[in-house]
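Following this message is one structure expressed as structure tokens.
Residue numbering begins at 1 within each chain, and the chains themselves are lettered A, B, C, D, E and F in the order written.
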Amino acid sequence: MTDNAFILQSSPHFRDKDSVPKIMYAVIASLVPAVAASLYFFRLKALALLLCCVAACLVTEALFLWLRRKPLHSLRDGSAVITGLLLAMTLPPSLSLELAIIGAVMAIAIGKQVFGGLGYNIFNPALVGRAFLQTAFPVAMTTWIPPVALKIQTATYATPLANLRFEDAIAKGTLTPLKDLFIGNVGGCLGETSSFALILGGLYLLSRRVIDWRIPLGILLSLTAFTGVFWLANPEKYASPLFHILAGGLLIGAFFMATDLITSPITPLGTWIYALGIGLVIGLIRLFGGFAEGVMYSILFMNAFVPLLNRYTRPRILGEGGKA
Amino acid sequence: MEVLVPVITMGVLGILFSLGLVIAYRKLRVYEDPKIEQVAELLPQANCGACGYAGCRAFAEALVKGESTINSCPVSDAEGVKQISATLGVSAAEVVKKVARLHCRGTHEAAKNSGTYLGISTCDAAQLVGGNKQCSYGCLHFGDCVRACPFDALYMSEEGLPVVIEDKCTACGKCVEACPRNLFELHPISQGIIVFCRSVDRGPVSRKVCKNACIACGICSRACPEAIIIENNLAIITDYKKIDPEKIPEIEKCPTDAIGRLKKEDEG
Amino acid sequence: MRVKTFPHGIHPPEFKEFTAEKAIESLPLPEKVMIPLLQHFGKPAKPLVQKGDQVLLGQKIGEAQTLFSASVHSSVSGKVISVDNYNHPGGNPIPAVSITNDSQDLPFSEKEETKDPFSFSPEEIRQKVREAGVVGMGGAAFPTAVKLSPPKDKPIEIIIINGCECEPLLTSDYRLMLEAPEDILKGAELARIATGAKRIIVGIEDNKKKAFQIFQDKIQNFEGEVALLKTKYPQGAEKNLIYALLRREVPTGGLPFDVGVVVQNVGTAKAIWEAVSKGKPLYERVISVSGQGILEPKNILVRIGTPFKNVVEFCGGLKEDADILVMGGPMMGIVQWTLDVPVVKGTSGILAWAAPRPGLEYPCIRCGRCVDNCPMTLVPTQLARYVKFDDLTSAEKWGVLDCVECGCCQYICPSKIPLVHWMRVGKNRIMAMKQKKSA
Amino acid sequence: MKLSVRMVVVLTSIGLLSGSFLATVGHLTKERIALNKQREIEAAIIQVVPGTVSSQRLYEERDLSVYGGKDNEGNIIGFAIHASGIGFQDKISLMLGTNSSLERTNRLAILDQKETPGLGAKITDYEFFLTYWENRDCSVPLTLHKPAASSPEELSPTEVNTITGATISSEAVLSIVNGSLEQVRKLIQEGKLSSEAQDVN
Amino acid sequence: MSTKTIGQEFIKGLWDENPVFRQLLGLCPTLAVTNAVINGFAMGMATTFVLIFSSLVVSSIKKLIPSQVRIASYIVIIASFVTVADRFLAAFFPPISKSLGPYVPLIVVNCIILGRQEAFSSKNTVGRSVTDALGMSAGFVLAMLVLSAIREILGAGTFFGYQVMGPWFKPWIIMILPPGAFITLGILLAIALQIERRTKSRK
Amino acid sequence: MELLAIFVAAILINNFVLRYFLGICPFLGVSKKIDSAISMGLAVTFVMSITAVVSWVINHWILIPFKLDYLQIVSFILVIASLVQLVEMFIRKISPPLYQALGIYLPLITTNCSIFFLALMASLREYNFVESIIFGVGSGLGFTLAIILMAAIREQLDHAEVPEALKGAGIALIVAGIMALAFLGFSGMIK
């Protein structure tokens, strides 16, 4: 044993075993139920979209890393795969593949790499990709097909939320039953239809402590409160909070999108404000906005507030304010 | 009539506006010595703060007010000093060009590592865990000085030591501040002999950890006792001016190269 | 009994089983000791001996110059061979008195106190503690006499005896608590008298049930109680301990004095007792030698100034794969690059193991775990960022100076960012900046 | 003092010069711009009230003007209602033609809109949208047919079509139309339509 | 003041001192009216007109204006020419005037124009000032054309209103909406900077 | 309700910066530090509110009665420029601390197109007096919101590995683009 072999470092000398790739792979694992559900409900369409998005994300990421002369091994951290998966999960199953690829490229390029890559982005990359597609190709992004299991033969098929917002579903009595929403036997984006699968994945993430429990809770609370008030005031016109929770992209947003570590606040108070804000804006858009669904916009909107929240919600230091 | 209305309107607006400006001009003008502007323009605008003021403009103000002298600016060259002195109407003292010199020759090869350093790659961070070198006085090789230099006058050589590019060095003193081991010092550019070591360990200890350490053998001080002494296990040049050029070869017989003139590889 | 604790903190693996059941052994006297003149928080002591002097065990060889300093005593009898810079486990060489041991162990003074130690006045206690060079033995080595001298406007109510030993691997305090509980409590009582406090609270983590029971038993004779604390790191950090026991917050930049508390480590309490009752200077201490890299982990009583090499050899030496050598605990200890450093008053352990290389450092993914675990409720990632980009004003505003360097953030960080290192760099730079400004 | 005077003089004279210059320019372009505006309106009136030979402004306020389309004999053969309101993004300005009894729609023209291109902006599309507004029974408020019908035959007489994916824009047009029709009816009842009548040309 | 030749005075506006890409001036209209090439072009032309005539007037009367009222005077002069441009478009090109909307009057506060008066025309001869104005305008028009071409081709599949992309192409509507404008300009600026960095490092 | 609609629309839906591309220069220039962004935002809001009042008065008492619509551009810009100058003088006299916080941004506002646009738009949309004020305040707050968010984001991006070429205006514009995307979600909220 020579003297020269000792390690020189600052304390602490013990390290927890969790690492960034492990966290990322936990997120991927948590998406398994939702992916499985999408494959069940939309079959090959879903498979093709998932593969295309993941591949396009990986290729774009690799291209940028190469251009910036950074080591390619950071591809293995799994973050690009998550972006691809999450993007695919929020696309309508009928979307053509080339559009999906455009979305995936945009997600990585302007959602992530322009900020410097992993850890530096301000906005959720998957949602940036989706918002780009939604704005670039609004018709394609709001054309839905029914899930295979439903065995309906119509070319277009409204999502439960569009049905509620634009077709006066409550008055006509055609509001989608909660049971279907829970199982996922409804129209909508690949991964958002099955509430059951999403809750399963979300619970796994919570148990692994990958995501902050405050975010899903805060979103659900404020959305429930907001929609609840209107529902109680006029159940003839407004759907129940439970419907709003189960329908559309709320659960995937609350468990997988808003909780994105990088783009959510790091302080507890900031996290609460962020989560409550998302729920509120979702409620506003769904009830009064021009879109049937507002999860994507509200998360992006609140993402923009995150640096501000982080800055102004510094926790009180132990002993701060006391007299020395 | 149709033409008159707009003409009158515009005329009135013009009068109102110009009156406002006149009032503004007369009521709220702040007097500033035009010299400040002139001097500020002549300063190098490096805003390095070496003069002790918050940037060149603040320094210019101090100069005009007579609170400081142009010699406090180490960055200005002789020509600039002359011009500024002329503007200020004072004669400048002779300015000797100084440059920063590193007092260490502990290259990667010469100075032994103490272990595998796994930490932040800056000198001040490494210093916090005692440094990555067995020598506790020498260069840590992480280049805080290079990053601190506002003039790009420093670079890390392949041997692992920072090298001063004399032409670019303005003796602003940033590297002196940045080095956690205080290895830099400002010397007149003409200064020939320099002690390249700061180790005050006893000779045998120093020699064990670094090939180029001063081992306090005393050859140099015996060669030139009026200017060089050995104190605290280290050769110290007490008065540079007293070094007799003829004795330089004698001084350079240092067995560890810890004192002597700059060599080619130490220069830019 | 309710188990008390503080918010946040972490649960690193404890590894206490290596040495927890091993009784304290005495290390054979070393041939040579190197006693640094600075082994405490504050100014170095002024050497009282020169090369060639003959010294006796317990003889004062370094005199405290100011209040924030501590005297240094010889830990052997023998001859001074040099007073020169020597490696110091704190990192940088510091003047040290090297003494060759004549193996006589002749004590400097033999006068046994005849007076009942509890009848001393506070000033007398402080004087004896100062004379004996007692410093905090938990690691920070704050001069104990200072701790026992509360300012007049800050009355002290409670003496807390810190028996948490929350650092993994270390068991020296635990062994002391098992083997010398009376001495500890008597020392605490002296501290109580010296500060005019009303009662004593001994805080013990619930992984040391045996020690807790002994103290439960012994405390009956004293004004005080024993509190059980949750096993959590850093339960033994002063500010967190005070919060856990009393729900009082030591103000930022303040001391436990500010909330009427004085905290003493169990080892320090014992040293106080010995200093006052026997006039014994602090020239030896108990340390844990442990870790997977030590062949026979042990708790040993060691003379100050003994080279690590002697200690490690006594414990069977290092394993082949041991590549990290730490003085103190794994969370806050200081790495050593050589075994050629002396044991000092603040050395609570010598640890070695085969350290896994930290994984690839990723950019911060803002998971917020450091925020959720910081016992000081700081925002470590933000602080590290501010320091990294040299925004020292913001770093200070966000409380970098309040960081206690407990290491929770860096332990938990999935991105493997050297957060504590950045904090230390930041503190260092801020101090340098302030010095420059005041100069 | 001298400087101050100069400041005032210079700025005033620049103001005067500019004023007279602009007066000239304004004068020269005034008629032409007015003409352009009028032509645009006229073209729209002719479009929505076919057979119009001359037209007359019957009423004007913010966001609502009513024109009467006249045949050769000067009889009003229909109304052209110029109304505007907020759509998905911004104001939508439209011209609705009705028969003289205000019971049937003739045609609808969108004059100005900033809806989402390719989506809400389809309200300007004749095939997709405007054709479904022709010849509707507007004696009662019109309603939207949802989901979108693929041919006019699917609609009941009081229904108009939506644009798939741009329900808000369709609703906006509908509410502008229904709102302005109601207002015009009220104006007729109050007899305000003809009192302020003035010929457009 | 200037030591450049007349030719250099003109050329610099195209790249070295391009108002949009290099000086980040006049970004508001650059973003706002470049959803179609025709709009961008018309806006560029209107700006050119104002810039040239303002430079002409300002450089000819620069000696008469006391420096304290120069900004005010410039604003009045610029505003007058903007009014002319606005009225002209409204009178002779009503459709363009309509689609440009209030952005034509906004030329008044386009920093390129005031900036050039302040930085150049107030110090240089009439000839130089007009050349400089021409160069700057050319640079501005160039920037407008590049940006609007990208946005129109991707956003509508057309160029100057003519179909240029095949029927397979699905227009990216986002490009003619605000987000597309911001992102495109952001990327263009980055490209411009990258080119500049490259040429610099080669030197 | 109408007033609320104008107000909300001005802040969120038709945000001056993110939808009308107004005030881009200060939006990019003064958004490097959050403190200056806040001051700039407030200064703009303040001037916008006053401009809304004054331009309404000019428009409805002078330009419209005398049929001088072609003098709109010149008179509005003159009024704004002198107004800003007067406000600056006024603040400096009344409250030096406020001047330190806002005053230095005031000269920048003269050439901020959002102010001028506000005056034009209020006249184009034929807002009445109260509506003009609401529109002015709302637009100012919309600008403030956008610039503060941008400043906070940029402060964070200062510590990010943004590619060299994108640093500064490039990345700021892309962030603005994504913010504009997010704000699109509010479209259609006001009917």
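Basically, a contact is a pair of C-beta atoms (placed from the backbone, for glycine too) under 8 Å apart; a residue touches a chain by one contact, two chains touch by 3 or more.
All values derive from a computational prediction rather than experimental measurement.
Participant: Among all the other chains, which ones are in touch with both chain A and chain B?
Facilitator: Of all the chains present, those in contact with both chain A and chain B are C, D, E, F.
Participant: Where each step is a move between two chains that touch, what is the least number of such steps from chain C to chain E?
Facilitator: 2
Participant: Hey, which chain ends up farthest from chain C, C-alpha centres compared?
Facilitator: D
Participant: By number of C-beta pairs in contact, which two chains lead?
Facilitator: Chain pair with the maximum contact count: A-C.
Participant: In whole angstrom, what separates the CA-based centres of chain B and chain F?
Facilitator: Between these chains, centre-to-centre, one finds 46 Å.
Participant: Nearest whole angstrom, what separates the Cα centre of chain D from the Cα centre of chain E?
Facilitator: 33
Participant: Could you work out how far the Cα centre of chain A sits from that of chain E, in whole Å?
Facilitator: 41
Participant: Could you check chain C for residues that touch two or more other chains and list them?
Facilitator: Correct list: 323, 334-335, 337-338, 358, 363, 418, 421, 424.
Participant: Chain F: which residues touch two or more other chains?
Facilitator: 68, 70-71, 74, 78, 81-82, 161, 163, 166, 171, 174, 177-178, 181, 184, 187-188
Participant: Touching at least two other chains at once: which residues of chain A meet that condition?
Facilitator: Within chain A, the residues that touch at least two other chains are 3, 5-10, 110, 116-117, 119-120, 132, 135, 138, 290, 310.
Participant: Which chains touch which?
Facilitator: Applying the touch criterion to every chain pair yields A-B, A-C, A-D, A-E, A-F, B-C, B-D, B-E, B-F, C-F, D-E, D-F, E-F.
Participant: In the complex of these two chains, what residues of chain D are touching chain E?
Facilitator: Touching chain E: residues 3, 6-7, 10-11, 14-15, 18, 21-22, 25-26, 29, 32-33, 36, 40, 112, 116-119 of chain D.
Participant: For a test of understanding, state which residues of chain F touch chain E in their complex under the given definition.
Facilitator: 18-25, 28, 70-74, 77-78, 81-82, 110-113, 116-117, 120-121, 124, 163-166, 169-174, 176-178, 180-181, 184
Participant: Over in the complex, which chain C residues touch chain A? Could you list them?
Facilitator: 10, 12-13, 168, 239-240, 243, 249-255, 258-259, 318, 320, 322-326, 328, 330-340, 355-356, 358-359, 362-368, 371-372, 375-379, 381-382, 398-399, 402, 405-407, 410-416, 418, 420-421, 424
Participant: Under the definition above, what is the set of chain A residues touching chain B in their complex?
Facilitator: 3-10
Participant: Per the contact definition, I'd like the list of chain E residues that touch chain A in the complex.
Facilitator: 170, 172-175, 177, 179-180, 183
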